Structure formats: C-alpha cells, structure tokens
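Following this message is one structure expressed as structure tokens.
Chain lettering (A, B, C and D) follows the sequence in which the chains are written, and residue indices restart at 1 in each chain.
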Amino acid sequence: MGLVEIAAGKVLSSFSAFLFLTILLLAVARRISTCVLLFSLQSAIIAAEVFAVGFQERLAEAYVVGALVFLIKVVAIPYAFFRLMERLKTVREVKAATTPTQSAFIAVAMIFLSYAAVHSYGQSVHVPADALAAAVALILTGAFLMVSCRKALMQMLGLLVMENGIFLAALVTTFGMPLVIEIGVFFDVLMGLLLMGIFAFRIRDTFEHLDVSRLRRLRG
Amino acid sequence: MRLALNVFQWLLLILAAPLAHGIIAQAKARLQRRRGASIWRPYADIAKLFRKEDLVPPSASWVFRVTPLVLFGAMASAAAFVPVVQGSALLASRGDFFLFVYLLALGRFFLSLGAMDGGCAFGGMGASREALISSLAEAPLLLGLVAVAILASHADIAGMVGWTLQQNFFKISAVHILAFLSLGMAVLAETGRMPVDNPTTHLELTMIHEGMVLEYSGPSLALVEWASAIKLHAMLALLIALFAPWGMAPHVSAAPLLVALLVYFVKVGALMALLAVIESSVAKLRMYLVPGFIGVASAMSALAVIFATLVKR
Amino acid sequence: MQLESGELPLSFLLLMLGAAVPMVLVGSRAKGARLLAAGMLIAACLAGSFVAALGFWRTSSVLMDFTGFTPFPFTLEIDRLSALFLLLICVVAVPVAVFAVPYFEHHCPERRRNWMWIFFSWFLLSMIVVVTASTGFAFLAGWELMTLLSAGLILIEGDSAERRHNVFIYLLMMHVGAAMVVASFFLFLPYSHGLDFASIRAGSAVLPPAIRTLIFLLAFVGFGTKAGIIPLHLWLPRAHPIAPSPVSAIMSGIMLKTAVYGFVRFAFDFLAGGPSWSGYPILVAGAVSGLLGVLYAIGEHDLKRLLAYHSVENIGIIYLGLGTSLIFLACHAPLWAALALVAALLHTFNHGLFKSLLFLGSGAISHATHTVDLEELGGLQRRMPVTGLTFLIACCSIVGLPLFNGFVSEWLTFRSFLAGAALMGTKAQVVLPLMVGVLALIGGLAAACFIKVFGVAFLGRPRSTEAEHAIEAPLAMRGGMTFLAAACLLIGILPGVLLKPLVALAQGLVPGAGVPPETLAITRVLPWIAVAVIGIAGAAALAAALGRVRRIVPAWGCGLPTLTSRMQYTSTAFSKPIRFVFSAVYRPDRKIVRLPADQPYFPVSISYSSVRTTSYEKSLYRPFANLFVAAANQLRRLQTGNIQVYLLYIFLTLISLLIFLRFRG
Amino acid sequence: MILLLPLVIALLAPALILTLRDPRAATRAAMFAGGLEAVSLFAIVWQVHTHGALEAGRYFRADGLSSIFLFNIAFISSLVLVYASGYLSHTGEGRFSSPRWFYALVFLFLFTMISVCLSADLGLMWIMMEGTTLASALLVGFYNTKGAVEAGWKYLVVCTVGIAFALFGTIVLYLAAFKAGMNPAAALDWVSLMDAVSRKGFDPHLLKLAFVFVMVGYGTKIGLVPMHSWLPDAHAEAPTPISALLSAVLLNCAVYALLRYVAIVSRGVGPAFPHTLLLIFGLASMMAAGLLILVQRNLKRLMAYSSIEHMGIIAVGLGLGSPLALFGALLHIFNHSVVKSLLFFSAGNVRQNFDTLRMESISGMAQTLPQTSAALVIGCVAIAGLPPFSLFVSEFAILSAAFSEGHYLVAGIFLAVLSIVLGGLAHHLFHLLGGEPKRLPARAKLSPSEYTVMGIAALCLLFFGARIPYLFDALLNQAAAVLR
C-alpha cells in the first residue's frame, strides 16, 4: 500500500508542475479566449490525473468521473464559452485591475502561499504536497480572477477554476467523492454556468456592457 | 395648670404682636429723632379697620376673601409652637420646627395667591418677589434650626429649648453664633424687614409685602396686618427661646413665671431695639442683591450644620 | 392556570380589564358601548382596589399562576409592596376613568375613541402586571407593554412631526432603560434557579460583589430612565404634554411609580441594600433631579410641560428618601432606614394622587379653553369653581403645605435627614442634615412655581377670550377630580390610615426595624393642627364678618380709567426674578425687539423672548446618536455595490479564519 | 416513502404548471400543488413526531431537527403562495417572467429547499443547497429591471463562490472520515458521521478546517456578516413573495445545513470551537445589520438587514449552545420567518400601491393604507422583540441563556443592538406612517387573500407570544435533542 501511495504521489506531482504553469499563464493572459483555452488545458490535465488515480487505485468510478471531466470541462464548457462570446459580441479583453507583471507576481505569491498552507495544514494528511498545493493554488487563482477581472465572463471562469481546485483537492486527498455526489456537483456546475450565461445576456441587454464592476446601483 | 399657662403664652404671642410692631416703630422714630406714634397705635389701626367696609376687586374670587383667614389661622397656629415663659408650648412637644416653618409657608402661599387674585399689576409683582425671597430663605431658616436641633438631639422645639436651658451661657459654641446669625438673617427675609423689604414703603416699585396686600381693606387688611405682626413676634420669640432661653421658669409656679415674663420682655425689647437700629442704619438692598444676602445666610447655616455634626462627634 | 383560594378578586380584576376590550370592539361607534366599557373598567378597578386594600392592610397574599400556560413562568403575586402600588393604580385609575368618559368623547376623533379605551384599559392592565408580577418574565413583559401602550395612546391622540419625534425619543429611551432592567434581572441568573422572585432573593445571597454592584447600577439607571431622573428625564417633558390629559395623569401619576416600585424591589427586596455606598448616587440623583426639575418647571408656561417637570422634581424627592434609606441600611440603622423608606413610599403614593389630579385639572382647563398655555388663561376660579378648588388642593399638596398630603411625606423625609445627624463618625452624618437645605430649597421653589400656576391660571382676570368664556367641566370630570382632592386631604390630615401599613411594609423590607416614632408623632399632631388652623380661621371669619359690609369696587388703576388683563403679571414675568437668579441653570437667550427700530423711545411694539438654551438633547444625547449614525454610515460605505469587493470580503474572512485556526485553533 | 412525496409533488408541479398557458389556471394549479405539498410536509412532521426519524433509501432522512425546518417551510410557503396569488394577478407574460414561470420556479425552489432538509447525505445536501441558489436566481431577477439583473448576478456569483467553500469543507470532512477509516459510502451520511466522529477519533485539525470552510460557505448563504453582501440586494429586488421565501425559508435552510456540521464537529472537537465561530459571526451580523438599519432608504432593504440581524441572533443562540439557548434559537427561526413574511407582505402592498419602496417618497400611510400600516406596526413591534409577540419569548430565552452561561459581553452587545434596531425601526416607521400623505394609493383595501395571510401571520405571532403549542414544543425539544 505504501509503495502505491508513493507512486501515485510521484505521478500526481509531475502533473502539478503543469498546473502551476497554467496558473501563471491564466494570471497574465489578456484575452478571454486565451483564458478559456488555458482552462480547457487545465481541465485536461486534471482529467488525466483522474484517470491516473483510477488506474492506480483500481477505481472503476474514477473512469466515469474522468470521462465526465473530459466531456464537460475540456470540451463542453470551453465550447459554450466561445459560443457565448460570439453571441454576446463583447470586447474580448480581460480588463484586469492589475498589470500583467503584477498578476504574475501575485500568481507566484499564491503558489508559495499554497505550499505554505499545505505545509501548515496538510501535515496530518498524508498526501502528496505538490498536488494539494496545486489544488489550493487553483482555488486561490480562481478567487484572484474573480476579484481582479471586471468581465462577467471572467468571473464565471474564475469560479470554474476554483471548482477545478476543489475537485482536485478531493481527488488527491480522498480519490474523489462518491460517484452520485460527483455527478450532482457536475450538474450544479453546468446549471450554474447556464444561469450565469442567461444573466450575462440580461446584463448586456439592460446595461449594454458586461463590466461587473460597473454594476453598482445597489449599495449601502 | 400647664395647659392654662400654654394658652396664656399663646395668647400673649398673638395679642402682644401688634404691640411689638408699635414698639419697633416707636424705637425707630426715636432713633431718627422723631417723636413717633404711640406704641398702642397698631391696636387702634386694627380696631379701626375692623369697623370699615371690605372692598373687593371685581375680578377676585373666594380665594381673595379666604386668604386673610387662612393666613391668620396659620400664623396663630404657628405661634402655638413657641415657648415664651417656660420650656414648652401648646404644640411645642407634639410638632417640630419643620411644622412651624411650613405653617408659615402655608400662610405665605395663600397670601401670594390672594395678591394674584386682585387682578392688578402690583399684586403679581409683590407675589413674584416674595416667591423669590421666601423660596430662597427657607433653606437657611431650616438649616439654622437643624444645626440647633442636632446639638440638642431633639427636633421638637420644647426639647431644643430644654437642652439649651441646661447649657451654660458662657460655654456657648460657634454653632450657636453661626446659627443665630443665619436665622436672624432668614427671619429678616421671612418677615419682610430691612434690608430685604421696607415695611413702611409707599413707593410701589419697591414694595414686596405691601404690594401683596395692596388690594386688601377693612377687616381683611386688619387680619393680614395682625397675622404678619404675629409672625414677627413669634419668630423673635423663637430666636429668644432657642438661643437665650435662660430665665424661663423651670417649673410652673407664680414667682418664677413672673420673673420669666419680665425677662422675656427685656429680651424681646432688646431684639426689637436691635431691629430698629438695623432698620434705621441700613438701606434696603436692591432686589437682585437679596439672593446674595440670603446666600450668605445659607452658607452660614450650612457651616453651622457641619460644625454641629462635628461637635456631636 | 392554577387557581387558589383568595385570588378570585384578582382574576375578576384581570378579566374585567380584558373584557372591556371586546365590548368596545363589538360596540362599533355607539357611545353606549364605550360607556359600558368604561363602567366595566371602573368596576374592575374598584375590585382591584379591594384586593389591593386587603393585601395592603391585611397582607393576605394572593397568587395567580399561569406558568403551565405560558412559555416561561408567569405568576402574579401580591405582597405588601405590590399591594401598595396596586392600590395606587386602582385608586387613581377610578377617578381618571370617570374623568375620561366625557374627555375622550369631546377630544378624540370619532374613529379613535374606541381604540383610546382599548389601549387605556390595556395600559392599566400592563401596569398591574408590572407591580404584581413575581417572575422576571411577567415583569418584563408588563414593563415593555406599558411603554408600548402608552406610546400608542400618545400616537392615537394626533399626528405631527414634533409629536412623532417626541414619541420616538420616548420609545427609544424606554427601550434602552428596559434593556438595563432586563440585564439587571438576568444577571441574577447564574446564581439563582430561575427568574421567579423567590429564587432571585435566594440567589442574591451568593452574588459576587462585582455582580451585585453591576445589578444595582443597572437597576438604578434602568429604572431611573423610566422614573425620569435628570439627566435621563429627556423623554418626560416631551411625552407627558402630548398625551391626552387622562393618559398624562396615568403616566405621571402611576407609570413613573412603577419605576420606583421596580427600584425598591431591586434595591431593598432583592439586593437588601446593594453595595455600601449605594445610597449616595441615589441621593445625588434625587437632589439634582429635584432642584433642576423644579427650576425647569418654573421656566415653563405650558401647563402640562410644567407639570411634567414637576414629576421630575417629585421623583427627585422620592429618590432623596430612597437614598437616605439605603444610607441608613448601610450604616446598620434599620429604624431610620424604615423611616426614610416610609417617607419615600408615602411620597410616591401622594404624588400619584396629586399629580394625576393636577393633570386632570389641566385636562379640564383645556376642555374649557382649548389651551394649556398659562399666558392665555386667568380668572378661571370664578368660572370653574370646582376645578379651581380641586386644583388648589392639588397645588397645596404638591408644594407640601401642612394639612395636605404632600406635607406628610416631605416632613418624614426631613425627619429622616435629621436622623442622619445621629450616625456618629460617618459621611452621612454631615451629608444628610445638609440635605434638609436642598429639600427646603426644592420645596420653596415648588411653592413659587405653584403660586405662579394657580395665580396665573385661575386668579385675576382672564387673559384671552377663551378663558373669559370658559365654563365649568361636566359632572363626571368634576367628580373624578373631587375624589382625588378628597383623598389628598384625607391623607394630609389623617396620615395614620396609610402610615401604619406602610411601616409594616418597611419593616418587611428592612429587617430588624421597629416602628419609627416620627410616624406616630405626625399622625398625632396633624389633626390638632387642622383643628387649630381651621378653628382660628373660622373664628377670624366670624369676627371679620360681624356686621361688616362687603362691597365690590374696581381696583385702583394708578389713575388709568380701568385695569386690563394685560396689566397683570404674566407667567413669564412672575418667574423672571427666579430665572434671573438661577440664570446659570437656564443660560437664557434673551431677545428684545423694538419696532420700529429707529425710534427706540416711541416703539409701536416691543417683543421679548427668553429661551432656555441648556439642552440635554443637544449636549448629551445628540453626540451619542451621531456616533451611531456615523458608524452606520461608515459601514454603509463598506457595502460598495462592487461585487469584486464583496468577493474579497469573503476571501479575506476565510483567510483570516484560517490564520486564526493555524495559530490559535 | 412518505419522505419522497413532497419531493415528487414539488418536481411534478412545475411540469404541470408550465403546460398551463392561462395564468389563472396556473395559479389554481399552484395553489392545489402547494396545498398537497404542505399536507405531505405536515404528514412527515407528524410521522417524525410520533415514530421518530424516518428514512428513505440511503439519501433521504428526516429527524426532529429537520422536521422543525420542514414545518417552517410548509407554513411559510403556504402563506407565500396564497399571498402570491393576489400579488401576481397583474404580472404580464415574459421570457421566464410570467406567473407560470414564477410558480414553476417557486416549486423548483421549494424542491431544493425541502431536499436540503431531507438529505441524509452531506454531499447531496450541498448539491441541493447550490440548487436553491440556481432555482431562485431567476426568481430574484424576475422583474428584469436593471436592479433585478444586478441583484440576480450578485446573488448567483457570491452565493456560488460561498457555496464552493462549503463544498471544500465537505470534502475536508469526508477526508477526515476517510482517514479515520470510515466506509466511503457512509462517510457523508450525517447519522453515521455523528456516530463515528466521537468513536473513531477523527483528526481534530481536519474537523476544524472543515468547519471553517463550511462556516464561511453556508454562512454566505445564511447572510452572516461579512458574507452577507448579496442579501440586501436580492431581497430588495426580488418580487415580494420571493423576498419572503428567501428571508423566511432559504436562510433557515442554510442554518439547517450548518447545524448538521455543528452537531458533527461539536462531537469531534468539543463544542467550544464551532460555538465560538457562531458567536463571532452572529455578533458581527447583529452589530453591522443593526447599525445599517439606521441608514436605510429602501423599505425592503431595511427588512433585508433586519433578516441579517436576526440570523445573527439565531447564530448567537446556537453558539451559546445551552438547552435554553437552542430552544430559543430554534423558536426564533420560526418566529422570525413568520414576522418577516408579514413584513415583506406589507412591503409588497406598499410597493403595489405607491410603486416605490423609497421611504422618503412615502408618508402618511396611516391615513391612506390603514390596514397595511397596522400590519407594518405589528410586524415592527414584533421584530423589535417586544411583547406580546413571540419574538419576545425567543429573545428572552436566548438572552437568559447568554446571561446564565456568563457570556456578559455577548448579552451586552445583544441588548445594545436591540435598542439600536428599535430606534432605527421606530424612526423609519414614524416617517412612513405619519405626516401628510404624499400620494394616493392604487387601492387602499387589502384583497381577501392578502388579508387572510397577513392576519394568520399576525395571529400566529400573538399566539406564540402567549403560548407555545404542545406539538410545537415537542418538535422543538426533539430538534434540540438532536443537537445535544
């Protein structure tokens, strides 16, 4: 059992390097389409990871989950995003509140932070530190994207990145949640995206822009 | 026997009150090198007023008519508290000095109302000024009495007089001096004498007490005047009883009582002379200096109370 | 609900108070329904007086237990202290309700009259609950309802921006006060089994000193807010004038007293005296409230505001008595503690009688003249003889003149101050006798004030056409006032009626106390004084009346043809000397405007105004309120409307929690 | 199997309603379905009361704690549906915003909320919790105005992000169970978790970590400060029946979800940690919302902040943790739901009559809208925690618990906030009710349906203020027993 665990850790940690790369790129990307592609790539890496876990742990459920991840996050969601951008005919820039350099430094800081966090909290959990750090870093990046980018679409993307991080965390710590739950979560994610899409249209129709930082009628 | 004596004291205070007024007026006249009217003239005045008709302003209600009666009733009742020739009085051991002072207040309250009922400006003016002075003077009056009461450990006047009687005249404390001074000042303010009020003024703008009684005439005026005479007399007698009771009859028998009566006449005569001197030598204070005058009295009386508690300790 | 023998009258009372309500609701607009409701209310109050009288004179303890029904223990119990206040409520409520029948019919808009009666009866019921409650839950429920219903009564009466502002201040201050009362109840909890009074009493024995002090202070401030001690009186002169007169009478005459009840219950019954210094803050509060209250009253010419300030003054006198009693308790002088307590409680009762009478009188005045501004009144005595006489009796009572009830309690207070001189070697020995001066000053100023009130409103010539054409109040109003006036005189001349059970009550609250000799002395001497004063006055009347002619002639007008009402002293003019002397208290802003300005010696008109500028609201409460509003605005700014900022808040919360968990968790 | 009945009804109802194009038919169908729904929920509550916890398969279960929330859902949703029938009679047809869409979405919303309370599995509970957001987002944006769209977007995004953290917390709890050797299939079932957590020795560190995430996550949904930012927007911009549902049901469901974790974590690491967090967030909510009430300008935003304040009170009650406090907090949940529905209903009438909720443009309501004003006054008196209404009882319970536990600071802040809130409410209320009317209402009288629901709510408040019915008392005790 110990050997398998170490092996799984090695496999998973090698993937985490790629994940960190996507994180850095996401932070500095200037176009929404780039971000969507990066998200797709990131999801592909995670899907691969799911398959790896499934293979090593001999979990049949994992293959189903991996297939779902691949179908939904690598194919369906990016496709939907591109369709949405087309339909919305909106400006394609990310419009971040920070310059690319700052974003890059923040991304690096977040990766460090996640290592520190895993170091402090993950002591008792005997899982590969790299993978868990990657998961935490994904969550942080998602949060960062949501806070820094003004575009409604980028907030949706940030949410997805966070969700990826949570999914990854579940994967590396407990080899995934029970299948029914995973499917339910996927369904929620999809429905959430659908609704956000509807709202994106409504925002564009009523406000004639998609800049969420300018939605400030309601305050106080 | 004792009851008869008490009734005698009480009647003395009431009946001799106009005489006291007359004596003071005579003394003042002498001091001012006038001949002055007879000391019996106040009696003649009262008798004359009783024979006259009673004029009532059209706006007045029954309050106006009842006021002299209540005033006289209150003052006469208050007189029943004051010992004259021996250490007790009709009500001296039942009631205390608070009751005495508040009976005076009862009379004053009604007198002010009667003044307001006349419906002319002077009554209101007099009542307003009287309200200021009397409301301020009540504190030193009561505090001065409290100081003596603390020393005597008695609140009833008979007890206070009894205690003082047992003391040696030459061992009299600072409390007594302070209390006497403050009480004296308060009495001046209460009874409307110089320098607080000029009882003989006929200038409307300076009147206080006279302003209040301006609308009264005939028997009503007689009662009011008599009542204020009783008030003065009773307060003088109270001062004597509290601060110089020596000479009062220790027990009820003819000879000491006669001596006590004579001694009382001497003492009250001396006080009247003092009053006459003050009235002839001091100018009336401006209205808004009176609070200062009473303030001094209050301070002294408070000091007297503090000293009294220290002495008792 | 558990029924025990002997509480039948109380259930009767409660049922009657409640029953008045559906009658009015069903009875729609008919006057008969309201009369029936009023009748039932009065009958209920009479029954209540009977129960209270039994409890007060006989100490038949009455208990009513609803605990099985309500979510928290809810029991009503009448011990002597409760009985005293229940008696006060019921005795005052009867004449006030009688008075209110014609008053509400004339002064309330048609569709609000029914609500007036409903709220009025509930208001009385809530106060009965407060004084008879024997659990914290019942007390607090009654306490909050009392505030709420009285505010409702004020709001039904009318609507204006000023009225709303005043009710707002009233509600808010009462709520803050109630919060402190709540806290002072609950602070017993860790040490007692529950909030029923018996457990609280038992629990208070094991209270740590700090908690004990805290409870005492909270109860002092909490009940003090309701009682209206300065500077917590802000609501009082605002709420009382705008209420309908019968309601003002109840609010001032009874509702304030529930605060005294609460404080006595806490300080004497629960805490058995509180910390050793406890008497001094009470004494100071009493002195300050008494003095400033009466001074502010003198400066007023709105009769109801003036009376409201006098409530502050009288609460001050009551607190002087309570403080003295606590000082004696701390000095282990139970006899005198009982004396001072009797004085305070008697003054509480007396004030309930004469203050409600005064407010009823003001109601009769406004009924006749449609104003309570003293400057518009005058000469009412000739036009409203019964109102005038009863009002005069109330004035004499509140001033504390002998033969009237206020005197008895003030006299007892004086004597308890004097008794302080015998406390060898303590601060109290010096402080208490000096309080005689303070109370004397208060009494003197009160006398000045009521000479002004009665003299300006009822005597002399009318100052307006309304006053000139005033007619006497209807029979029911006169009846109510006469009843109260008679009660004032009765206690003023024969105080023994109340004093004996009051002494027993005080002995119950102050363990080890005997019968204070002063109470016996005053009982013995007052009838004699009455006989003396009345006898001598009667004799003098005979003497003066013998064969004399009385003739009505115009007063001398200094040569002018006639005197007019404008030549009389006004209320403002009357109080001018006192306001001048105490200008430090008022800080008046005086203005004299002569028109036309270029001819100062031949003016067409001169107008004079003098406004008191000391404002507790501005200097004490405003800054406090502004602080809260400023904080709220700062918070409001944090709610920027930007969703990114909102998300940031969530992330920051999470991160700070994680950091907290890392280093402390 | 009775457990599945309300779920089936709530799922079938939207399908049925969407087929009915006639608004009146749709309304009638909705009333009918709502009635069935309520009956089935009461049946469950009764079954739980008489027979103890019910189960349906691995994923659904109802015990004492859920039944009190189910009772709440049934009662409030019935009131809301009846109120909505009158309220929506003037709404036209639009994309996703017609009466039939409204009712369909309401039933979906109800479905998710009932599922939250019936889930036996924490994962399923999370899914349904996220489902509540999704189902109600369109309802929040129902009017399609600028404000509604903005509020809908904020609601959706903020709640989804918050809920994501709850998912993470659930995963961490799952991890803890997993590490402690629990069967993965049972590792999210709250009964087995509660059973195992004290026996198997879960890693306390992980439990705390999980609770922090769940607290922030579900706390967002509850509307605890500082995660509350979506709440005033959503409540103010949603149609009034939805505001009432959000405030009176949704927030409570989130409380329910959190309570399950509190029960588990308390057994694992002791009650001090979760209770401290609840107290901190509860007090923060009370203070911030209490102050913000002072400076509100929109009637429904005012009420939304009042909801935050009361969620704070409930959190404080739960955080105190003594039996009395739990009793008070659970009772307060119900009381607050009733009073808040009453208040939102009155606010809805105000909006329909004056076409605005800005308080400075409304005055003199006491003259123009006497019935609504009366309801508003009753609601405000009740929500200020004054007798004779039921919130006095529940706040009395919580406060006495705070004092008897020696939490003097908590109690002091509690009392101060109550006074501040009273001041704010009275200030606004006097302004609305008093003065000269600025404009005339569209229709001064209440419609019978509105009159009925508001009357029921008011009577319920009054009745619970004097007496807690035996059945409800038993429910409360069963629920509190689960938490101890």
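Following the convention adopted for this analysis, contacts are C-beta pairs under 8 Å (C-beta built on N, C-alpha and C of every residue); 3 or more make two chains touch, one makes a residue touch a chain.
Everything numeric here is computed off the predicted structure, so don't read it as measured data.
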> Based on the averaged CA atom positions, which chain is farthest from chain D?
Replying inline: B
> Nearest chain to the global Cα centroid?
Replying inline: C
>> Looking at contacts between chains, which pair has the highest count of C-beta pairs?
In response: B-C
>> Rounded to a whole Å, what is the gap between the Cα centroids of chain A and chain C?
In response: 70
>> Centroid from C-alpha atoms only, then distance chain B to chain D, rounded to Å. What do you get?
In response: 79
> Just curious, how far off is chain D from chain C if you go by their C-alpha centres, in Å?
Replying inline: 44
>> Could you work out how far the Cα centre of chain A sits from that of chain D, in whole Å?
In response: 31
> Where in chain C do residues touch two or more other chains at once?
Replying inline: 636, 639, 643, 647, 658
> Listing for chain A: what residues touch at least two other chains?
Replying inline: 121, 143, 146, 155, 212, 215, 217-218, 220
> Using the touch rule from the top of the page, what residues of chain D touch 2 or more other chains?
Replying inline: 153-154, 157, 161, 205, 209, 232, 292, 295
>> If we use the touch criterion from the header, which chain pairs count as touching?
In response: A-C, A-D, B-C, C-D
>> Quick check: in the complex, which residue numbers of chain D touch chain C?
In response: 153-154, 157-158, 161-162, 165, 205, 208-209, 212-213, 215-216, 220, 226-227, 229-230, 232, 273, 277, 288, 291-292, 294-295, 366, 381, 384, 386-388, 392-393, 396-397, 399-400, 402-406, 408, 411-412, 415-416, 418-420, 422-423, 426-427, 430-431, 434-435, 466-468
>> Looking at the complex, which residues from chain A come into contact with chain D?
In response: 121, 124-125, 139, 143, 146, 152, 155, 159, 162-163, 166, 169-170, 173-174, 177-178, 180-181, 184-185, 187-188, 191-192, 195-196, 198-199, 202-203, 206-207, 212, 215, 217-218, 220
> Hey, which residues of chain C end up touching chain B in the complex?
Replying inline: 379, 381-382, 385, 388, 392, 396, 399-403, 407, 411, 414-415, 417-418, 421-422, 424-425, 429-430, 433-434, 436-438, 440-441, 443-445, 447-448, 450-452, 454-456, 458-461, 521, 524-525, 528-529, 532-538, 540-541, 543-545, 548-558, 563, 565, 567-569, 573-578, 580-581
>> Per the contact definition, I'd like the list of chain B residues that touch chain C in the complex.
In response: 50, 52-66, 68-70, 72-74, 76-77, 80, 91, 94-96, 98-99, 102-103, 105-106, 108-109, 112-113, 115-121, 123-125, 127-129, 131-132, 134-143, 146, 149-150, 153, 155, 204, 214-215, 218-220, 222-223, 287-288, 291, 298, 301-302, 305-306, 308-310, 312-313
> Considering the complex alone, what residue numbers of chain D touch chain A?
Replying inline: 59, 96, 121, 123-124, 126-127, 130-131, 133-134, 137-138, 141, 144-147, 149-154, 156-157, 160-161, 164, 167-168, 171-172, 174-175, 178-179, 184-185, 188, 203, 205-206, 209, 232-233, 236-237, 292, 295-297, 301
